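Following: one structure in structure tokens, then a few remarks.
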């Protein structure tokens, strides 16, 4: 079972940000959504996360209707995401970020006060190792470099219990060495069974990473296939160059 | 009889509130933060004209007061708001700072002039004139007339002068305005000057019509602000219309509510609008919060 | 024995410590722009006073003052859930004014401007408090317990969520946390302790009227919280002591009370502006006021 997007449309004023998009995201694979700037990729993510309402269409995940859920309920349904502009808690430490993710009791005041914290140190270490973040866990988010923030962002998405990862431009603005590191991490995660859906507008990054590529332009899906098929697709090249 | 008196009273008090709101709204529209100390600019004007008129001729006192009020506004901008903005203050911090200024100067007024009520004895207390069944004093006529003239002048200023156009540009999009060569700090100064001169006029008229108390500024800015929110805070014309609506609400409202609640009507109206229609009747609904 | 003057000061400081720490919980730790904290203080004071006057046992009235205040805390979050920034801050301010207006006008319940006199001194399970010294002891116990509870909350996993909410509410929501519920809980706690402080206040003075709960009181609370530092309980405690002590130094200069009152307010306002300008993080704050 997978993420099912059916005939999603969204207008902003007179503009169709998303125009009748449909796609199926396969479980256990890495799918990349690419397209020139303004093609609607982030808007699509925001609709999946229910941060924006869709005008028409439905989104289903593992058979459940996502469209009716509130934004935080989508996360609880197993959809974990990052944002293009990294969203971290400036005044919290790396450790605290992960503790929030992993903590189960924190929303209840009583349980939070009376029960001991169940977050395992080992799990935190594991996550930090997976993303290869080489910074002490008591560092404040505000003291991290841009690349390290991107890594922590990824780590947080990983730490929360999830069944699919939605990554919005996970390597935007990141130096080439870190790009490769992140690409390795994503491959490793996928071979361990993670379903990954990512947005990227750099075609080269996804070519040897994704199993399936979907191309958006001006809110419409203009191509959907393997990297090889996409590379040969004229419409795609037009979309990128013809702007 | 009572009905027409209520309508007339609504228009008179609406004009007063609109005078307050127009200056406040002009400043908000151009700068995008709330200058609550506008209330105390009005109170200061009332007390200054009261004081000056005891020593010099009234017309000159008025002119001086209006100019000093304008300068007060610019001083607030240059000494408080601009430095805070340079340190990255958000609009909420500027709001808190403006409330602090309001309280500071109100207490200064109380310190200097005392808490007792003062009156400006320039116009003799004359009998009101009968106007369609309502009683209106000459002063009240003047208030409404002057207000309408000022609103018309403000409208023409915003639409037809270079400075007015620049203010609208900065109000619309500050960054773009800079790119086009408009010095937005200067334009901000002008917005404060003009807005605060309006406060000066308001202070003089209100000072003559109602009595002077140190806390009059707070009461007036609450009304003016409510009028602005009801109409649309960032649209000066809307703020003016909203203020008249408030005037009517207050006067007709006391039919239904115990008279002690008259003061609270403004806040109740404000609260209702903030909760259900924060951008006012004429404002632009910016974005949907799910 | 310690002079009555110092004991009196101590009681007031203890009450304000509870007020400022509870405000910091909402404002500094969670980022909730609550400029209406005075309302909870007032509601607590009146609840406790009225219940004891109606014959209910003191301890019941004391707890009830916190609970009723926290109900209003929930109400405030519910009412303002769609507001942000300036509009939120102003709505909370409006809420506290509506509360003041109700206290002033609902005379059948609150005796309006006459206030409530002859409020009993506390009787906690047999410990009847008589003197100011005993009251100070009682206030100290309440204060210490309150601070300990609030510290415990802030250091718990829930406390982490509070700070995350302040830093990025949306970021917290996409992690699956219901931030609206968190806000309700935080405001409920914040209001509860403000209500308790109100009870302390009412039974200490044995007379309350609406004038103790006017709008400008919030400036003192905000000043203390910002001066001490957002998200710093220690900061609020220290700042309360310092800021309440400063005007006391003025007593050594023999000034009439008609001067002291306004001067004190001017002092608080100035301190706030100076802190915002030069040290917005306050003494112990590690967080910027956004």
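In order of appearance the chains are A, B and C, and numbering begins at 1 in each one.
Operating definition for what follows: a residue touches a chain if its C-beta (ideal position, glycine included) is under 8 Å from a C-beta of that chain, and two chains touch if they have at least 3 such contacts.
From a predicted model like this one, the values you see are computed outputs, not experimental measurements.
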Joint neighbours of subunit B and subunit A, given as chain labels: C
Centrality ranking, top chain (CA atoms only): C
Per Cα centroids, the chain farthest from subunit C: A
Whole-Å separation of chain centres (CA-atom averages), subunit A against subunit B: 49
Distance between the centres, which are taken as Cα means, of subunit C and subunit A, whole angstrom: 42
Approximate Å spacing (C-alpha centroids) for the pair subunit B, subunit C: 31
In subunit A, residues with contacts to at least two other chains: 51, 71
Residues on subunit B engaged by subunit C in the complex (per definition of touch): 33-34, 80, 83-84, 87, 89-93, 95-97, 99-101, 103-104, 106-108, 110-111, 114-115, 214, 218, 222, 225, 258, 260-261, 263-264, 267-268, 270-271, 274-275, 278, 289
Residue numbers on subunit C that touch subunit A, as the complex places them: 152-153, 156-161, 163-164, 166-168, 170-179, 181-182, 185, 189, 231, 286-287
Parts of subunit A lying in touch with subunit C, wherever the complex brings them together: 49, 51, 71-76, 81, 83, 87-92, 96, 99-101, 103, 105-109, 112-113, 117, 156, 160
Touch list for subunit C against partner subunit B, complex: 33, 35, 79-80, 82-87, 89-91, 94-95, 97-98, 101-102, 104-105, 112, 215-216, 219, 222-223, 258-259, 261-263, 265-266, 268-270, 272-273, 276-277, 280, 289-290
